[in-house]
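Next, two complexes with chain A in common: one pairs it with chain B, the other with chain C.
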Partner chain A sequence: MKLIRHLLIAVASVLAIQLPALAQSPSIFTATYSSGFIDLDPSTAASSEIAVLANVYEPLVWWQPGSDGGDADLMPGLATSWDVSEDQLTWTFKLRDGVVFHDGTPFTSEAVKYSIERTQRLEGASSWIWWAVQSVETPDALTAVFKLSDPSPIALIASSAYNAWMVSPSVGDKAGDWFNAGNAAGTGPFTIRAYEPGVQAILQRFDNYWGDKPEGGIDIAVLDIVEDPVLREQRLLGGKSDWSENLETDNLAQIDENPNVSVVRFNAFQNFFGMYNTAKPPLDNLAVRQALSYAYPYDLLVNDIMAGQVTQARGAVPVGMPGHASDAMQFSQDLDKARQLLTDAGIEDNSLNLTVTYTTGLPEPQKAAELYKATLAEIGVNLTLQPMSWEAQYEMATADPASAQDIFMMFWWPTYVTSLDFLSSLFRSEDTINYNLSYYQNPAFDALVDEGADTMATDAAASAKSFEEASRVLAADAPAVFLYDQQSVYGVSNAIKGYQANPAYTNVVFLNQISR
Partner chain B sequence: MGTLSALLRRLLMTLVVIVCVSIITFLATRLLPTDPAALYAGPRASAEKIDAARLALGLDKPLVSQYLTFAGDALRGDFGVSFRTRQPISADIARFLPATLELIVAAMFLALVIGIPLGVIAAARPEGKLDQVLRLFAISLASIPGFWVAMILQLVFFKWLNWLPLSGRVSTETMLFSPIESITGMGTVDALITRNWVAFRDAFAHLILPALTLSLYPIGLALRMTRGAMGAVMSERHITTARAMGLSQSTILFRFALKNAIVPVLTVLGLTFAFSLTGAVLVEVIFDWPGLGAYVTAAILAVDFPVIMAVTLVGTVIYVGINFLVDLAQAMLDPRVRLS
Partner chain C sequence: MRHAAPTHRRPGPRPILSLWGLDRVGTLSFVVIAVILGCIALAPFLTGYPEQGLGTPGPDRLVAPSSEHIMGTDRLGRDLWARILYGGRLSVLLAVLVVSLAVIIGTPLGIIAGYFGGWVDEVIMRVVDVFLAFPPLLLAIFLSALLGPGLLNLVLAIGLGWWPWYTRIARAQVLSYRQRPFVEAAEFMGVHPVTIMRRHLLPFVGTPVMIQSTLDLGSAILTVAALSFLGLGLPPPTPDWGQIISEGRVYFPDRWWYVTFPGLAIFTVALAFNLLGDSIRHSRESEHSRATNHEPS
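Showing the complex of A and B:
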């Protein structure tokens, strides 16, 4: 009994003593992420760790979304201006003067050369973006010249969220382990103060940063990993966190009602669709593809299953990205029309058996496929669901189109912001099957895509026009059922000012733009 | 049979169990319908990359040689690299295991200081009002789902009263301005050793709710076990003698009766300790406690099987080890118990 009493007293006294007031309190920002950072090596990282990297490192060029109706544009990063030669094989970047890396090394053209070569040498998942670069020359300290084997939009590529960060040459031969131990060598406005894999990363303002600190800017940022969605929400609502991603869809309305927190939404450059097998009957027939596209209950998917957190897709390029055609064909559910199209195509009721494959583990494809099965049954089409691991799904799709699935559902997102990654990677004719899993072949479409690719580096507006036209052609030809474009949804404390998401850099909070 | 040879035989059995578990875990992960090489190579990997991963992981070799490599490395404390985090698994376990142990030790401490005295009190007047209330209390504790209690505790102590922190091991302020130097990896212990009082208070406050949640079942168990064992002891003749000698009730209960009743209680609590290694999973996730449970949950969801294998093996070793120690302790406490 005495023991318990002592214990209670001890607990009470511990609770009673408050933490001493801090003499000089720095401004702290706390963000909560749902999954851990994996690879902090800026030359190879290909995932969620850009949340850290985009604040610690800088690229030569940033990609900026269009705001207030304006066009998206490339903005100077560590390069202040750039130029491409007539033959599109030489790119010249003028570099920002007076920039130093966190370790004090000055940022020069040698650093650019080192960073690109390191990325190519380490062969990370996104390093292919530099495939055309044969060499980086350094005529003077503030000029870097990229020599290419083939025309390639290097300025746009330099704005990639993956494998395009500038790293201090002082890193030398050090490999990923050094970075994953919490070391960094960037020029960004923040340095890594502490890093515990799977738990958190603490970033601290870099005093010798070349740029300005905003009025009321933050000094320290804590990026916490919290895997439980309820806990992420509790932390946000309880004022323990200023920003959170991946909140429970069902709770968003309730979160938004909290006077201290707002829910904000941004376009995300990721979409979800089902690719029709155009290489074999019956989906080689446009009428059948149209019938299947008219059958899908888009409203149910978008508003009920996805709770309005996505928008119905219009063609292959997500909304907000140059090349997205706002007047492209968009199907809406019309079962009578679907039935009519099937009858016209000479398909008898209940004679059509199709299979759809999708990746297991995520709830969305499962729900989207089940919904499809239910509505197709209404027009006398039997859909067999085949959930598989990604490897198995992909292997089946690439083996032999004649015996492959009828519909292949998947998510897609670009490495750097270009509709080429959607139009070309997914739908341009391929000799060997890579990601054109519709096995779609349309020379007129290919020509438009190539036209857009050719002018990408020299005339962004003309290139976007070609891509838009290609998007229109594609949408009308329905080589896939385009389901939805993803949105990024975040909960943000109202105490934070200046927060803007950039869809090119998924889930990044640009710490030098926000203030309290 | 001599005690020593019995001890050796018991030790041998323990080793056999560990080897068997390692074989079963190894086979189970090889039977999964996913290609480890493709997992290792990462998303959208080319066929060449997957083949390279297969060679790097030694998956092209026969199963037996794969197992022997795995077992050999594991003996040296090398569990390979996690597919998900690319971190050496041994280092991860060394980081996460102390957090879990801290939680379990705290929970067991609560079970001892709350469960056992309450059990003794309940046994003082068998079938009395207090006994019945405590019985209900114990059964409730043992049967309420921990994750529910955890959320209620968070609601009451964080959201309404704001007395205790919501989650994590220390607050951001402590982490930044009075960080705990890692010695044992257990936050409260390290803060105590380094006399970092600010951090100790903070770490202690963070420990209360998760430890309390995890202790509910053991408290109920300890209460019932103590009550049961005490019931039997209280009707024995030496207690009647003590009563006749006019000793006070509390002396009889705690000095004489409890001493005889405590062995089975400690045995069960020892086993519960080992069991909590896996039982802590939910508590760790809800309180964002960076322990082994949260670690292995994430690994299971990502089919990160080197981690699953390593944690299973470490869990087995600890479980079997504690079992062995409990047997040993029993034999020492109670001469009637024989190891054979």
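Showing the complex of A and C:
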């Protein structure tokens, strides 16, 4: 039934495009994603849905990785240039002329004001990025002025992958439901043609887009959601899909051997770790946390299980990001030390029972957890593995720390390219638990993070120093077992040209850059 | 030499191997099951990697079958033969528990329904109908998602969907003996109903229940594997056939051994229990028909 429905949607959308111009068949691109899009509201979205949003909406500024080891740069998006006042409290953005939203509304400074205010009003998970913005003024149609309470790197923040997209003011008071029904109101090169939650999104080229379409550019993109890794691989190898993420690491070599498909790797700001529950015994005890961190078989995980595709993490900030401390404490497996620490902490052999939760359906966390169980057994700690859906896992972790899991395994990637997001969102003290799922509280660490945040706009070097110091404090305090920093690995059809990943926008295929 | 002429010989060739009147297929199935049970009972002695069977990772990952690892190794370097042996322990244990639970709940209810009849019968059998309205696997998935992980929960999840079959079987048997003179005589003599049910009716229920439970052992193993395959079984790294297949699926066909051997294990055991059950039923039915034919009228 589902298949038939897919076919009907696909056929219907193909026909709809084709009828006006029967002469030429549209160029279709198919991508396969491992998890569903949760929230298509550009002002509140916080997860994998940027795959859709980054093609349908545009920010004022794009973040661009440096080519050939060069420095990263901010590139004009809907703003053509920007400027900051002497006191760092006024940012002026000159806007691109001749841009229209999908509904025909012209893009003006009013739209900028509306988008920022909408994000602040809805208070989504990443709306904190605009914390310093007091007001957005509109002196003329193509100038937007951000008035700040404190210095804040607004141009960098405007390049955020989350909650920085420009939305048409014609949306008015409509809430997330309207967007999640498959409606869109962006300026991007693609519009949403059809959307079925958890199944697929079909995007279609927006004819009045201000930019150019590349030679041989695609007309329609089908983003399929396939949770089963076997199916993802089969679709890619069978030519039913042009792009796929989250492929089984052990199969990458075989996939690359296929003449029609290549495995491509890009630097990423993504890491994988297990949050210790520091809110309840015994993991509130530093010695016990250290013992558990000394027990992990990092070498085996990084070099064997992950086949050297990843590097062992050094603290919470992934390597390559300003604020990553290259001399932060890094644990390596030392079972004698781990046993000693447990004994010193007064923990008897085989008396410690811990639970680890991780998301089902992804092979890597389960392998990582199984390794942990085996090695912890050697130091007399019993670990129970509890695979759960992400929603259930998150709900359990945020309900009550006293009855929550002991270790919470998760991946993290940044909202915008800053170590602030790794340090603050994940480890800064929280009154209501959001993503600080180790419930870590350390005033000294908080002060360092705040110091870094405060100087981000005015003194980048000092800010990075504060973040580095915070990273060092954090790594030594072991509120989590930091496992690895990873690259992005994708399988891409050889028929697709021009594909480049951007680490600031995780797992996005920029549809207007590719062609076939 | 007093019974010179064979009296009750079934038609057809005489079985080469014959245990308790089972036909050839049944006997073979019995031998296969006995061998498998022997293997899993002696698991620690039949593999050089008992700790890997229980979940400890090994050094060589995804290695093809060789003299060292006769069934190859899995994605964490564990010997698959060891995993399958230890997984068999779990599968058989779970299957026995599930079927026992179903028999313990289902049989008494069936006897009570058949003996008392009337509204008691109505109530019990309508509840049975409600349970039978759901496909057993669907009910098991629903219950295990509701109860959460754990060995007992898994047994409950499957067993709670299974008992109605035994209620039906037991009730049908009781109904056919309910009006027999020996039951009525006992009633006239004032024997307590519980005693009648236990001493006069339960023995007749025993045989069909035993046949059904043998058949069900195979299905229970299949169901356990199916739930584990779907991720509703016991948490990893507990060895489990369904889970090994679920993990290994992504490596097929390049690492064919990963799913093939646990698949063969499930196939063999489920088939053997089914054939054995069928064979027992045939032999009992022919005995029964002989018995009724020779009953003096």
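The definition used in the following text is that the second predicted complex is superposed on the first by the 301 of 516 C-alpha atoms of A that agree within 3 Å, B and C clash if a C-alpha of one lies under 4 Å from a C-alpha of the other, contacts with A are read in each partner's own complex, and residues count from 1 in each chain.
Here, a contact is a pair of C-beta atoms (placed from the backbone, for glycine too) under 8 Å apart; a residue touches a chain by one contact, two chains touch by 3 or more.
Just so it is clear, the structure is predicted and the values come from calculations on it, not from any experiment.
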A:250 in the overlay: touching chain B, chain C, both, or neither? Say first, second, both or neither. second
Which partner does A:197 reach: the first (chain B), the second (chain C), both, or neither? first
After superposition on the shared chain, which partner residues are touched by A:222: those of chain B (first), chain C (second), both, or neither? first
I'd like to know which partner A:386 touches here: chain B for first, chain C for second, both or neither. second
Of the partners chain B and chain C, which touch A:28 in the superposed model: first, second, both, neither? first
Looking only at contacts as defined up top, I'd like to know whether chain B or chain C touches more of chain A. B
Which of the two partners, first being chain B and second being chain C, lies in contact with A:235: first, second, both, or neither? first
Is A:370 touching anything from chain B or chain C once the two structures are fitted on A? First, second, both or neither. second
Where on chain A do chain B and chain C both make contact? 230
Sort out for me which residues of chain A touch chain C in the complex. 229-230, 233, 248, 250-251, 254, 300, 304-305, 360-361, 363, 366-367, 369-371, 373-374, 377, 384-387
If you look only at chain A, which of its residues touch chain B in the complex? 1, 3-4, 7, 11, 14-15, 17, 19-20, 22, 28, 30, 36, 38-39, 46, 125, 176, 180, 194, 196-199, 202, 220, 222, 224, 226-228, 230-231, 234-235, 238, 240, 389-392
Listed in rising order, chain B residues that touch chain A in their complex are 33-35, 38, 42-45, 84-87, 92, 95, 113-114, 117, 151, 154, 158-159, 163-164, 166-168, 171-177, 179, 198, 201-202, 204-205, 208, 285-288, 290, 294-295, 297-298
Report the residues of chain C in contact with chain A in the complex, numbered from low to high. 55-57, 61-62, 75-76, 149, 231, 235-237, 247, 249-252, 254
